[in-house]
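Next up: the structures, one after another.
Below are two complexes that have chain A in common, paired first with chain B and then with chain C.
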Partner chain A sequence: MSIYKRLVAALLLSVMAVSVQAETIRIAIGHQSMCTDTYTAGIVVKELKLLEKHLPTTGKYKNAKYDISWSDYSSGGPITNQMMANRLNFGVMGDYPLIVNGANFQKTDSIRTKYIAGTGYNLKGSGNAIVVPVASDIYQLEDLVGREVSVPVGSAAWGMLLKAMQDAEISSSQYVLKNQSPAVGAANIAAGRIDAHADFCPWSELMEFRGTARKIYDGSETGIPYLHGVVVRQDFLDKYPEVAVAFVKAIHEAGEWIREDPMRAVEKMEGWTGVEKEVLYIYFSEGGHLTLEPSIKDKWVDALKFNHGVLAKEMDIAPLDFDEWITEEYLIQAYKELGIDYLKLKESIVDPVEANVGRPMEIWHSRDGISTYETFPEFLSAIASFQDTGAKLNASYVYDKETGLKLFGKTAFFVKNSEGFTTFLRKPEADAYAAKTEGVVMDLNGAIETQRELLASVD
Partner chain B sequence: MARIASVIVRTIANNALRWWLIAIGLTLSYYMFLMLSLVVRFGSLPNYVNFYDWISSIRMIISSTPSLRDQIYIIRQEWLVEIGYMNYDFGLGLSEWSLVLAPAKMLAVFVLSALVATYVLLIRGRRKSCSTFLARTSGATAGMGAGCVGVASISLYWVVCCSTPTWVVGLAMLGLGVSTSLWIEPIGPWLSSIGFTLLIISVYVAASQSVSGDELSESKEIGRTR
Partner chain C sequence: MRAAYLDKAESNVDGSDVAGSMGKQKALGVGSIADGPLDPMAHRNSVLYKLAHLFGQLPIRAIAVGAISVTIGLFLWHWATLYKFNYFVNFEHVPAPLLVGDAFSRHFFDPAFHTHVLVSLRRIFFAYSIAVVLGIVIGLIVGRSRTARSAILPYIEIIRPIPAVAWIPLAILMWPTEEASIIYITLLGALFPIILNTVHGVEQTPEVLVRAAQSLGANRAQVFWHVVLPAAMPSIAAGLAIGMGISWFSLLAGEIISGQFGIGYFTWHAYSMINYTDIVVGMLVIGALGSLSTYLVRLITRPMLRWNRKLR
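Let's turn to the complex of A and B:
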């Protein structure tokens, strides 16, 4: 080749390179600000601009411009629709909508998504729950026979309800299933217009916090992990794999930011989402429902396969090739670049039953913030003295003996026996424990009064 | 066949204004009925409206979807306008329900209305010339066809049906059981095809009756002349 030709070729190549480098990369993300478990890949990353922080700026991205947009949705379904139209490249959603996303894309001839990372999880399935009006006489699943139960059909809570009823050997003909949105379900529970309502995070806790509902069943009783994750269009991943790696790094950092100071995090998140900070605290604090860790564990894949089976029974969902859909490539690369051992992370699983043993109880004083108490007498005495001074308490938190779950003190069942107090999520377990240990079941106010009497008798 | 086609074209041409009025009126009435159903069903008026850049969405779909079949499938779901109700009791607002105007579905509804308009104009004034039985049968067939297309073209969104297509969501919202709605989900395109087929048959039957009526009049005319 002559020198002239070489020069022309070099010039053409450099022009092409410049045109590639100068392109604007559109990153459009669909998330859900009313679904707590998505926050570490959604609202936190958005508000703290964590994606911008990790986006590549070297090599082929040297002169690239990023056009980042965030769209907030009420549920996962519309995110999938927008991803199909390529208006969104990334989608953040719960396990059931994720499966529908993967299956819907695999149903097409030419477009696909990949499940590239989780956001967080609860090993046993907490996050979903069944609640009843606070004054209801329903305390367990068996009491729902012949009653009306509402749920957002197609959601993770719907899957949980079906599984819970199957486990309790209650057939679908033995109760009336109604299709209700979270907000409508919550309003109906508050007004006592429905016997029970099943919903996803954080609706049950939101209703409990507002004093309108009481949990009779927690998703953790199904034993099926509850997880959320991120799906990305395959064509975007093929073109910009480094952006997906940056997104995973952002998820990791969002989790770290929350862990660093949960109180600061929930206060910020309340402003960003409108969900009460006291409710968010039950998810994001130490000992909370959520373990913020995005690795894709074998157990998660099994759970997703199980969920797909539930959907296949109940509706016409397309088959889903999980091996083709799930990839750990971007997680592995992101953690490699962060200098963290991904495989070690993947192997670790937090079980609230074990992890929350001995955790202190907490009281959220509206002015002074959170204070912790190692023992029930300290905890109950503190509330009593706050009440005496008229101090405003935002919330108090205890742990369920059975599941290790963090609970609002005001909704827990306290059992007082000769050894002291123990707290439970559900009344049947509290009753059984009380019968076994010759104890008495009471609510928070009853426990405070008992503690006052104990102190008075000592004096 | 040619005579039938010419009768249809002639009928539409002779009643062009009426044809357009019926077709557009039925399309508008259909969407007004859907909105009214939502308001009655949920007891609240819509409180938000969103407009979507449909043209650029279509461009994007075509450029980023290699398969033509997939392009058609996705374009059919694209929205132009969304009118709905946002619940602000929780968080920063939650879209509870909405009526979605998707051009592909609007086109289907307009074609449905146009077929109904053609049928109505064809049978108008021809009632005396055809048998009552045939008129009733073709009327019932047209009604059934319109019903099938109408149901399959429902374009409603409801937050609780997050993983189902819009026509099934519509049925669930309007009171059909959840399980039943989910089970009949795959028959949507079939329902639409059956509806259009029935409507086309009705139009064909009505046009052939017109042709027979014309032939009868012509033969009477010839007889009189002789």
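Let's turn to the complex of A and C:
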């Protein structure tokens, strides 16, 4: 063997040795920047580089290099497709797509996914909603008989719509259900081309905020929890369980970061996703729709089983072994390492109806930020005086008396009676309350005018 | 083919008998050719020729080769899924042909599936019909008039490369109904190949023929009808066939917004539910319908090309 050949051989060997040592671990995550509830396992973790912060660097990972990639999708289906092809190993999606994911993987001979953590939830199902064009004469579910309703079929909003119609005893033959992606549905609502559209977060609130739609039904009325979660390919988990633990820690930290300062968080998130901060505030503020907490509660498993039943009946989806699919292993390990009692966390549940009683109203001044008001006279007078000075207001927020949900002031129905003002999400409830208490139903501008008159008469 | 035709045409024009030449021109348009001893194609009328021709028209050899090729393809597909072929291209989770066949036979008797197919066929019919009329008219105008060409060509060149899916949001906003939006997106696919091929065909009209017709006293309309249109016909027919294929192509994009029916919607919906078998069923049905309708277009346009074939 010539010296030259020996040299080449030595070089090759050393290259191989190095490559064994410096193993590159590919972490490919599919997330959805147009689905608010996934942000704590998606865009926030990505932008704040929280995963990098928690990735293991000791033991067998001492020389590991991480190759992290984030891909953005508009629904869960394409993420599952990419995971099937092993181009993604993590997927973040809503409850119905999660089930489609788990069931389709269990249908294959060899590959599986595991549901390792949630991202956030709404106990009663808020986040999904049915909207109609602003000028529509539809005010309640019953008005949808004989009309066309679109929804992204197979999404959480679709499950909500079916349940809502079932609860209202409207059979599937009494309305026309059309399958429409969120963006197309929103465009149809804006053009007044469909009677109603059901969608998931943040689309309904986005349409409300942009002034194209009005909510007639909120998912909370179905009472089925609405959740999102993270699925991971099992072959990845078996090889790098510590990476999954790091991911759970990142989800937790993303939640903490938002809770710490919701205003800062929504402003940042607007920059990352293009969804208006005023809309995001409805979800992520104190009293917002979303509770950011990743534990997998027994109630969640029940909800997922219910969802699977709907999918099996309507879409012929494959069976799903929940015990095999759901694992709390990584959550437990992550919270152990963070020094937080997981079981205690798992047992705590936030119910917005109770949690939001007595929360103050808010006005978002475009320059001075959010200010809070305990009473309606204060709140309405403040808006009136802002209007007089020509100040620009980004949004105002009130709470629905029925569900405790945070609402945009401009879309709420105000009832004025002898005791003062009350706000409602929907017109029928507002009408009923007004009839009962001899009140008058009005919108935000009407309420402001009423308040002005009251002040003037006092003077 | 075209060269032969040109030679023939020019030799006609070169002929000393001007009236005879004009007669030939007319024949080109009408598509019939005068019988007689001077006609070199006279033997085509013999019974023997017709029989031989009929037999020759049945492409037995082609059908056999095609069938064998498809069988091999199916077998390879079957084999690749059975042994989970995974070398650069991964067949591990691709549905096997038998599974797809099974799903197809299930859908075949399902009235809902029939609705999907019929709705798509109806959309193709409307979109394509509009595209044919618009495409040929615009193509002829652009081909014949320099001013029209300068005015219209920029639009064609800018709009043509825009993919059908990109039109979705605007199509929803602009058209009064969903059906109209889908038909619009579908017709865009068919329109441009038809226009461009028509323009091309018109440009190919030998100027000599036009001048000859003019010198025989034909007015603009007559030149157009008897010379330009027939000369452009082969190219137009090619455009029509290509346009049909592409309209199926854009139909899928259009039907993403259909929300209820259509074979494109069926395939799209199967994708959102990660139902790979149905996705393949949808793809193959679109492919089959597409090639079938293209064949139909060729069949319909064939008589219009008779003069061309006879001169071959």
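Couple of notes before you dig in:
Everything below uses one rule, namely that the second predicted complex is superposed on the first by the 438 of 459 C-alpha atoms of A that agree within 3 Å, B and C clash if a C-alpha of one lies under 4 Å from a C-alpha of the other, contacts with A are read in each partner's own complex, and residues count from 1 in each chain.
Assume contacts are C-beta pairs under 8 Å (C-beta built on N, C-alpha and C of every residue); 3 or more make two chains touch, one makes a residue touch a chain.
These numbers come from a predicted model, not from an experiment.
If you put the two complexes together on chain A, you find that chain B and chain C bump into each other. Judged by the touch definition given at the top, the superposed model places A:R193 against chain C, while chain B stays out of reach. By the document's definition of touching, of the two partners only chain B reaches A:Y96; chain C does not. Note on chain A: of its two partners chain C and chain B, the one contacting more of its residues is B. By the touch criterion defined above, A:D235 reaches chain B but does not reach chain C. Judged by the touch definition given at the top, the superposed model places A:G255 against neither chain B nor chain C. By the touch criterion defined above, A:T273 reaches chain B but does not reach chain C.
Looking at the shared chain after the overlay, A:E314 reaches chain B, while chain C stays out of its contact range.
Of the two partner chains, both chain B and chain C are touched by A:G154. Judged by the touch definition given at the top, the superposed model places A:G127 against neither chain B nor chain C. Working note: chain C versus chain B after chain A overlay, options 23-31, 95-103, 149-157 or 203-211, clashing stretch identified as 95-103.
With the contact threshold set out at the top, residues 75, 77-78, 80-81, 84-85, 100, 108, 152-154, 178-181, 183-184, 187, 315, 317 of chain A are in contact with chain B in one structure and with chain C in the other.
On chain A, the positions that touch chain C within their shared complex are 75, 77-78, 80-81, 84-85, 100-101, 104, 108, 150, 152-154, 176, 178-181, 183-184, 187-188, 190-191, 193, 315, 317. Residue ranges of chain B in contact with chain A, taken from their complex: 57, 60-61, 64-67, 69-70, 73-74, 77-78, 87, 89-97, 157-164, 172, 178-179, 182-183, 185-186. The residues of chain C lying in touch with chain A in their complex are 90, 93, 168-169, 172-173, 176-178, 256-257, 259-260, 265, 269, 271-274. Interface residues of chain A facing chain B in the complex, by the touch rule stated above, are 33-34, 72, 74-78, 80-81, 84-87, 96-97, 100, 108-111, 151-155, 172, 177-184, 186-187, 203, 206, 235, 273-275, 311, 314-317.
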